[in-house]
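What follows is a pair of complexes built around chain A, which joins chain B in one and chain C in the other.
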Partner chain A sequence: MIETIQMYLQFPLVRYALIVGVLIALCSSLLGVTLVLKRFSFIGDGLSHVAFGAMAIAGILHLTNDMLFVMPATILCAVLLLRTGQHTKIKGDAAIAMISVGALAIGYLLLNLFTTSSNLSGDVCSTLFGSASILTLTQAEVWLCTILSVIVVIIFILFYNKIFAVTFDEDFARAAGTRVEAYNLLIAVVIAVIIVLAMNLVGSLLISALIIFPAMSAMRVFRSFRSVTICSAVLSVCCALTGILISIIAGTPVGSTIVAVDIGAFLVFCAISRVKRRSPGGG
Partner chain B sequence: MKKIPTIFMLCLMASVLAVCAASTAETNTPAETPESLVVDLDLSKLSGTVVYAQVYNLMVDYESWLGKVIKMSGYYSAYEDTERSVVYHACVIPDATACCAQGIEFIWAEEHIWPDEYPEEGTDITVTGRLAIYEEDGTMYLHLVDTELEWENGV
Partner chain C sequence: MALLTCENVALGYDSRVVLSGVSFEVNAGDYLCIVGENGSGKSTLMKTILGLQKPLDGVISFGDGLRQTEIGYLPQQTIVQKDFPATVREIVLSGCQARCGRRPFYSREEKRLATDNMERLNLSPIANRCYRELSGGQQQRVLLARALCATRKLLVLDEPVSGLDPRVTAEMYALIRRLNREDGITILMISHDIAAAIQEADHILHVGHELFFGTREAYLRSPSARRFLITEGGDAV
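What follows is the complex of A and B.
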């Protein structure tokens, strides 16, 4: 097994996939805890569909670097979604659902009407399910992904206390002098960046799994925000590594394999939680 | 205490990058084929997911692979252009989601009669040939030349 992994590691595309996969998993799990606690678990799904729609438009416009269009469009929608959660007639879950299916439908419609690709269904399938996208990254894309991931991690570490405050009680944070709107905006931007990056790893339909499963698994066993965040990050990285290696060796789809490993880890953590509850002195 | 998450994250990222960067050996370990063609890139023992991705990358970054001997496994596919009276042969590998496929066109070394001497469509084959580029109607295409073709119960 070790020899097989070493053989595959000789290929740059496999090394790139592992680096990017681990970084994306780390970033998504960090913000995942915040999103789950803020009851925005499904925002990843909505934003990934927005990114899909934006990618379709970028393709039609023949933009050489679609990231220049996809990233701002996704960030804009992330800001709108997080802002509409509280003060508008359309509440958070309905807004996410509308933007999610709307962007998906419009993106697919535009692709059908204006695409010049000879394999439309293949392109759509690849974008939705990730396919082998993570294994076809260029060196420049790997660098971009690495830099953005490092920035996301640094932002999370620097603003850890503020994100913690905004996550649990916005009103209290506001009363304590925290600029809640500014930090919500920061969270929205970071989420959008993670979503666009994660589309390469698991495709736009499976991104929510990267955000939700590690956080939910960690919450089965741990109670404090810090321990849940750390456990979620470690678990997400381990699941991504395992999933990528399994898919590379067994020839399975990368995105769905990672999600399957995440589901397995969640079941294990559920079992651990039950054992802890039953044991003397367990929570 | 506040530094614990910072240290943890930095250590985690550093270790991951170190592990991934550790293997920097050359991808193309030369291997001898029975006909003593030195294979520069052997994809025949890799999983479908990696072969698909490697062939995709090869098509995108073809300049560094021109003239190199490539060995890959996939299924046989042929396309007959009746207007030109030309038959194109390819070794095709589908991706894991089965919605996309990558293939390399090949020209079997020496004269062979199609379809009698070729495998049936969809047969698992292994091709070993030198990557070359050619122009047709103003478009550049990649293919393997001087190709050795192998399949079960075949050559």
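What follows is the complex of A and C.
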């Protein structure tokens, strides 16, 4: 089996896929802990549907690089969702449900009305559940993805302490003069960037899994914010690597294979936390 | 000059006035309790003092070199915190965020301050324990240590004993008293436990239909206290 892997690794496209997969998995896991704890996980879900709608529009407009349209549109929606969640009379979660389902419906409708493709349902399916597109990345796309990932990681490290403060206690942070709204906005924008990046890897319906599963797994076992964050990053990268390799060898869809590996890891971590709790001194 | 002065302040949400004409001042070393019925505007008043919302009218000013962001705040616990994976040390250190300002990382002095405050509240043995596994009293002490990292002068405590059992409640009050008497930290505490407020504080601010501000002794003689104590069934006096 190792020989098979070595054989595949000689193809640059496979190497690109692994690089991009690892970077995306790393980025998506970093903010997962914050998202889960801030009860923001549904924002990730909503935004991924928005990204699908934006992708549909970009497809109709025949943009050469659809990321240039999808990225700003998703970031804009992230900002809007955050604002509606805080200020308006429509409850935050209802607003998110409306926007995400709306984007999904309009996106599919537009695709049906204007498409030139002969295989519409195939296109839709690959946008929703990920496709082989990760194995057809151009060098430019790999660079774009790498640069954005590095920016996300740097932002996360620089603002780590502030993100912790804002996640743990918004009111205390605000009283201490920390600009909570600005950091919430930063978190939402970074999530939007991650989601658009991750669409290449797992498709828009499965992105939330990539964000939430590593964080939930790490939270089962580890007890400090720092160790949870590090564990979820390492776990996410390992699961993505395993998933991509399995999908290459077994010919399964990339996105759902990665998510399946993530689910497996979650179950293992649940079991570990059970054992730890039972043993004296653990917990 | 007083540490904190409120002059004829009106408070509320979206221009709906909850409370108006509030005037009082807090001097260094005072122990002020804010009491009143539920919904009388105690929490709104506290949020306005902390700068979490703006007063609809009137002026809140700070003296003695105290800045609004240098108030040590002990909020009520939120649901998010109940299941939060963070160690005691991480949480106490986050009290230094105002000192830290725009710097991305905490300095050595700030880390030492956090360690000192953990020692002060007897948290050192559990510094690396996870917050969500602690008892209610321990959790409150962690949040108090965090508040102490944020201030040298003024602590604002929002119902610090809610949800604690009687023994831990007594310990908490003793701890706050010690911080006030021995370390000279000014205390501003919200409470609906009027009996404890009269026992612990030296000044009382009663908010509601009738406003009262004055010393503990004056409050005990005031009609609003009598009425409140009778309706509350308080027999502590």
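Assume the second predicted complex is superposed on the first by the 283 of 283 C-alpha atoms of A that agree within 3 Å, B and C clash if a C-alpha of one lies under 4 Å from a C-alpha of the other, contacts with A are read in each partner's own complex, and residues count from 1 in each chain.
Operating definition for what follows: a contact is a pair of C-beta atoms (placed from the backbone, for glycine too) under 8 Å apart; a residue touches a chain by one contact, two chains touch by 3 or more.
All values reported here derive from a predicted model rather than from experimental measurement.
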Max touched-residue count on chain A (chain B vs chain C) belongs to chain B
In the overlaid three-chain picture, which partner chain does A:12 touch, first (chain B) or second (chain C), both, or neither? first
Touching A:144 in the superposition: chain B (first), chain C (second), both, neither? neither
Report for A:219: first if it touches chain B alone, second if chain C alone, otherwise both or neither. second
Report for A:177: first if it touches chain B alone, second if chain C alone, otherwise both or neither. second
Could you look at A:228 and tell me whether it touches chain B, chain C, both or neither (first, second, both, neither)? second
Of the partners chain B and chain C, which touch A:160 in the superposed model: first, second, both, neither? both
Chain A residues contacted in one complex by chain B, in the other by chain C: 157, 160, 226
Okay, in this complex, where on chain A does chain C touch? 33, 37-39, 157-162, 164-165, 167-169, 171-178, 219, 222-226, 228, 283
Would you tell me which residues of chain C are touching chain A in their complex? 50-52, 68-69, 71, 73, 75, 78, 80-81, 83-87, 90-91, 94-95, 97-98, 100, 104-106, 128-130, 133, 146, 150
Name, in rising order, each residue of chain A that touches chain B in their complex. 6-15, 18-19, 22-23, 26, 119, 121-122, 125-126, 129, 131-132, 135-136, 138, 150, 153, 157, 160, 226, 229-230, 233-234, 237, 247-254
Quick one: which bits of chain B touch chain A in the complex? Just the residue numbers, please. 4-6, 8-9, 12-13, 16-17, 19-23, 25-27, 29, 45-50, 52-54, 56-57, 60, 95-97, 99-101
